[in-house]
Structure formats: C-alpha cells, structure tokens
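The next part holds the structures, each set out as structure tokens.
In the two assemblies presented below, subunit A is common to both, partnered first by subunit B and then by subunit C.
Entry: the complex of A and B
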C-alpha cells in the first residue's frame, strides 16, 4: 500500500494516506486529479473494479466527502479515493464512462444527497423515492423523525407498568 | 405525471394515426361496489367455508418477511397441506400478505395489486413493521400503520414471525372467514374515499387512476 502510494505520489499530487488494513487504504485527492488518477489506477495498476461510490455529509465543514472505493482483484487489495466537494450547489464530474456502474451510484447520490453529476445517464430519474419534494433525506439537516411523525400516522403503544409500583398498588391499595 | 401516461397521438406500423389515453384505455376506474351476502345464511356459510379452504396467496414479498414464506411453501413447513398456496398473479389470488416493512414506493404497487385481486379478498399484515412501523418507526420512507391504507383482516406480530406463526395465522384467518367476518373488500369499498385520501397523503406522485382493476 505504501509503495503504491509512493509510486502514485510521483505522478499526482496526493493528500495524506490512511492505511486502515494491510489491504485497505484511503487517499485524499483534489477533484481535478481524480479522473486521471482513476484511469491510471484502472488501466495501469490493476484496480479494475469500482466497489462503490458513496458520500459522507460533513455539514459543519460545509463539504461532502465522496469515496471512490476501488479493488484490485488479483492482489486482493482495496484503495479508496476521497474527494471533498463544496456542499452548496454540490456538483461533481461524472465517471460513468470510466465505470458504467458508476451511473447507478451517481443516480442514488443525486437523489439521497442532492449531488448533481452532469452528463450521467438518467441521473435525475427517481431511484427509490418517487415524487420526493423535501430536501434530500441523507443530508444531515433533514430531520428524519420529524418528517416521519408528520407524514405517517403513529399507532399508540400499549400501556406499560413498572412491576414494583404496579404490584405495590395491587397489594396495598391504601398505600400502607 | 410520467410521459408514457399522457394522452398522445401515436402512429401505428401501418401509418395509421390514433389517439392513446393510457389512463382511460388501460384501466377501468369505476369505484368498487359493496357485494351483499347471499340471500340465505346457509348458502353464505357454504360460500365462506369454501373460501376459507382455498386461501390463495399473492406471491408478492414487500419486505424481509417474504423470506419466511420460502420455507413455508417448501416441504419443511408445507403450507399446501392446509389448502394454502401461492399464485403468481393478483387475479388468481385472494390473500395478500404484506410481509414486513412497506416503503412508499412499494405501497403504490401494493395498492395496484390489491385492487386487481378478485373479491372477496383478505389482507394479512406480517411482522411488527406493518403494525406500528417496527424498527422503521422513524424512517422517512416506510409507512407505520398498514390499516390506514388497506383493510387488514389479521396481524401476525413478530420480527420476524416464524413460519409456525404464519400457519397459526392461516388457521385464525380461516376462523374469521367462516364466521363471515372477512369483509375486507366490502370495508374497502364502503370507506373508499377515506382509504384513497390516506393513500394519496403519502404517495406524492399519484399517476394512476383512483381504482384500477
């Protein structure tokens, strides 16, 4: 992992490396180098599989963190690339031409986080939320419980009793 | 509304132009009617006995509870020995098992499937998710109270209920039907506006007729 990082660092300006395990590492990169780095990793380093593309909402810092997790099937080694993008008007370059499967992840991110990927096929089609009008639900300012309480009817629960109190009341009704 | 549901002019393969209005052409949207019982009680009892002995389930798994129906329909628990069997289409079945959590997107398909089933029809809510939301009680996308949207005859509690619980549920449903209380379809027809209002409250993009059978 560290040799790969040293190799890559000669060609691309990289952020810090986090080695989670011997076979799993994360590198922070700038968004303008991401595409070249992905192509390099796919074509020359053997990271042929895009495992997932996901996002983390860092609301306090005002950024989304996109994680592109790649896998080298032969060396059994995973590498995650982290890209920070601005949270306001979040938009990112599409990579569906590098891995066609990315289009589905991007469609999901567009729906759940409101991150736009211009040019990605069908990115604005509803994925699992049909006719969603509120802010995207995975953004952290979205109050899930409040939304659920307002939208769906709640069934009142059963009556419960504290056993000690209940038995006391049953056995000694006059509070002796 | 989706493009394919809009009224439009289509040119056929022979060059002939014709108008297509999918919502009116493909569906009958007349509201459901209440079916009165047979004129003699003994005849109705016979009907109910026959109905209770031929419970045919729509093979539509809405949530994780569907996994419990596989051992139930295969030799280990073998529900077929009770006259219970699974059918592939709504037209052939009369029992709808809502198996677990129901997302809003699935609810739309469930309503369509339920309305396409022939009366008399029954609904079983399986698992705590259908009763009060279960572990999805604060989810943005799952309904919490199934009987607001469909007339439920029977709930089977548990997360998940074992196949034995389902077998017991079938026995209880048979008793309900034989007692002439399996009137879900009529309740649905009678309170049609209330059910529709509840359904439309959660389904934001309602792009089908109000009643599509």
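Entry: the complex of A and C
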C-alpha cells in the first residue's frame, strides 16, 4: 500500500495516507485531481472495480467527505479516495462516464445529502423518496426522531421503555 | 449459443442527449408497469417499461417501497443498539449484515473475536447462503411457470430454518453474530440433525435438476436469453454468481478470504455462457458447494472454547475516529459495510453495499432493453436481486 502511495504521489499531489489494513488504505485527494487519479488507477493500476461511492457529513467542519472505494481483485487490495467538498452548495464532478454504475450512487447522494453532480444521468430524479419536500434526510441536521414525532402518532396502549435505561437494567443490574 | 437479434427498424431514434425519442401519443409505444404488486417482480420494487409491440425499448427501476432509513437510524444508536437492526436490511439472507457490521466494529475498536466464534459465523453464513438460493431457485422456476419447484425449495428452506431456530432461537432474523463473537455454541445433537437436513436438500436438488434444468421449456426460455457481456462486469460492478456465470471467477471467499474460509477446501463454481440458464446452474451447483462446506465446518470446528470476547461497557462504548470497509461473499455477490467512527459512542456513518444496488438498477435497466415482455420476469429474477438492500 505504501509503495503504491509513493508511486501515485510522484504523479499526483496526494494528501494523507491512512493504512487501515494491509489490503485497505484511504488517501485524501483534492477534487481537481480526482478524475485523473481515478482514470490512472482504473486503467494502469488494476483498480477496475468501483466498490461504492458514498458521503460522510462532517457538519461541524462544514464539509462532506466523498469516499470513492476502488478494488483491485488480482492484487487483493482496496483503496478509498477521500474528497472533501464544501457543504454549502455541495456539488461534485460526475464520474458516470468512468463507471456507468456511478450514476446510481450519484443520484442517491443528490437525493439523500443534497450533493449535486451536474451532467449525471437522471441525477435529479427521485430515487428512493417520492414527493419529499424536507431537507435531504441524510444530512446531520435532519432529526429523524423529531420528524417521526411530528409525522406519526403513537399507537395507544403500547408500553414503551427508554432503550438506554432498559439495557442498563438488563445488562448491568448492579449499576453501570 | 444463438443470440436473439431484434429488428431495430421500428425502434425509437435517440435524441442528442442520448435519451430515446419516445412519443407515447403516436400509439407505437406503451408504458407498462411491472410491480410493485406483481408475481413477476422480486420483492418491493417495480419496473417502468416502455414497450413497442411486445419488446421493451426502455426500462426504469423504481425502488423505495421499503425504505426505512437504516443507515440514518444507526447514527442515533450506540454501537450495540445497531446490532439488532442491521439484520433487517436483507430479509432472505440477513446474516451478512450481522457479520459485516460486527467485523467492522471489531476492527475499529481493536477487538478480536474468538476462533470458535469465527467457525460458527462461517457456518451461519453458509446456512444462510443455502436458504437464499432456495428462495432464488423457487423464484426463477416460478418466473417461467414452474410453481412446483418453489414448493420443494420452500420445504427444504423450512428445514434449514428449523436448524437456525435451534441454533439461534430465531428463524428469519437471528441477531446472533454480535461484535465480539456469537451468542451461543451448537446445541446437543445439532450435527446429526444438520446432516439429515443436508441429505434432504441434496435429494431435493436432484429432483430440481431433473424437473427444472432438464426441462425443455425451461431451457428454451433461458438459454441465450439475458446475456451479460463479460466486458460489462467491471463498469457495472457485477459480482458473485452473475460474474461467475460469465466465466470470471469473482468470489470474495477466495479473492480476499475472511473468517475460516482459508481452512476450507472448495472451488468457486463457474459458468461460461452468461445467460439466464447458466446463472441458475451456477447457483444450483453453488448449493452443493455450500452443503459440502457446512459438513467441513461441522467436522473441523473446535468443540470447546470461548464464544465471546469481553466487551467494554456497551452503554458507554466509544470507538476512536477511523474508517474501514468489510466485505463478504453473499449468495448474490459482494456484500460490504463501510463504517466511519468519530470517537463518540455512535457511528458517524454506516454505508451498506449490497450487490443488488448495482445489479438491479444500472445493469438491469441496460439488459432489459430488446427483451420480450414475457422474459422480463425471468431476466430480473436471474440477477437475484433483493430490493431492501438497495434502499436500506
């Protein structure tokens, strides 16, 4: 993993490398270098499989982390590319022409996090939610409990327990 | 193998943006919805088909009928509270969620499960694989009118559910593989009852082979239909039996071995024709491999030893900042969990990578074009997709 990182670093300005396992590493990349790096990894380094594309909301830092996880099956190696983009007006270049299946991931990210991918096929079409008018629900500021309390009613006659208190009583009856 | 070559002269032309120029008012085309309530659909999804005569010219997959927001829900739950809900992400084969989640938490928390727990985890995953294939075989035969196959496979699946029940206490959602190990060991006499079940499954698989795979109608409807070009595998993220039926040996159990698979003797099943028939046959033979693996596991596994590592107080369990990805080979292909932690007592992000995500949307929408309406159900089922793992 470190050898690959050193080789890549000669061609692309890369950020920090995190070696999670012998066969899994994560590299931070500036957004303007992502596309060239993806093409290089796919065409020359054998990372032909896009495992997933997803986002992590670091709301406190005002950024979304986009994670592009690639896999080289022959070398038994996975590489995650982390790209930080601003949360305000979040937008990222599409890669559907590099991996057609990325269009599905980008469509979901647009719907769930509000990250736009201009030019990605059907990116603004509803994917899972239909008629959703609230903020994108996978953003950290969307409160699922508040939404559920406001949208649904509790069924009468049901006994409910606070999960944390209930677990404490069951798992640590002598006090935790 | 003879591939079907449709007459393109009646088909719509393409616009500049690549979309099809379909004028529904012309009377040439018809919108047809297959699902979400339809015998020829897998689970809670639907296909929006545009047909010209009886051939599909465009298809869109619609999901979201079973969206429960698991990934978001987990961000509000402690690590141990996430454990009983992850299995609900995939109904027919829930154990991969438990394994991938548990392994991801263990890795980031620096915990190692005992060896005996790894053997039992592998046993459960193989039992689940057999069950998942039983549902598939019934569905695949049913999509072409062979209802009896589904009755047979449901019967033997029920026998395996009995084994699950005596091992875990539950039939569908087992909640058995938790971070740190497994909840219990094998009950007394389990090995003998499992052997009886495996022999019954083998007998049924022999009948399934005779009645389904040697059936002229089944062959006529599936050979050469639903061809996946091997060149599409990487661009469309195709894994598992769908890839192996195209001659590409993709199997996480061999490619990146996990649990006790390096200690087991098996070879991934491969096919070459990449059509519906080959995909079904790869899965049929995969059942036999899993039966053999279950026997090997029961014979080789340690009979004594710890089943759980001591965990910290789970009510105050904080995991340092980090991220990881854990994958396994489920019956449909690569199943994985991407887990991000931020040093708090809650996951920062959990992303579930189910094989259906790529197979049932981008790949299916492409494959279904030019297919006859009557073959749509068989083609979709042949990709072995479970919609809940798409919408999580």
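Couple of notes before you dig in:
FYI, the second predicted complex is superposed on the first by the 155 of 176 C-alpha atoms of A that agree within 3 Å, B and C clash if a C-alpha of one lies under 4 Å from a C-alpha of the other, contacts with A are read in each partner's own complex, and residues count from 1 in each chain.
Heads up, the rule we're going with is that contacts are C-beta pairs under 8 Å (C-beta built on N, C-alpha and C of every residue); 3 or more make two chains touch, one makes a residue touch a chain.
The shown structure was predicted, so the numbers you read here are calculated from the model rather than taken from an experiment.
Of the two partner chains placed around the shared chain by superposition, subunit B is the only one that A:157 touches, whereas subunit C remains out of contact.
Touch counts on subunit A: comparing subunit C and subunit B, the chain ahead is C.
Within the superposed three-chain model, A:80 lies in touch with subunit C and out of touch with subunit B [touch as defined at top]. Once the two complexes are overlaid on the shared chain, A:137 sits against subunit B and subunit C alike. Judged by the touch definition given at the top, the superposed model places A:129 against both subunit B and subunit C.
Using the contact criterion defined above for the overlaid structures, shared-chain residue A:103 touches subunit C, although it does not reach subunit B. Within the superposed three-chain model, A:145 lies in touch with subunit B and with subunit C [touch as defined at top]. In the superposition on chain A, the residues of subunit A touched by subunit B in one structure and by subunit C in the other are 128-130, 137, 142, 144-145. Subunit A makes touch with subunit B in their complex at residues 128-133, 137, 142, 144-145, 147-149, 151-155, 157. The touching residues of subunit A, counted against subunit C in their complex, run 18, 20-21, 23-24, 26, 48-52, 54-57, 67, 69, 73, 76, 78, 80, 99-101, 103-104, 121, 126-130, 137-138, 140, 142, 144-145, 163-164, 167-168, 171-172, 176. Remark: subunit C residues 18, 63-64, 67, 69, 71-73, 75-76, 78, 80-81, 107, 234-237, 239, 250, 255-256, 313-316, 322-325, 327, 334, 336, 338, 340, 348-349, 351, 353, 357-358, 361-363, 366, 391 touch subunit A in the complex. Only residues 103-105, 108, 131-133, 137-145, 148, 198, 201-205 of subunit B touch subunit A when the two sit together in their complex.
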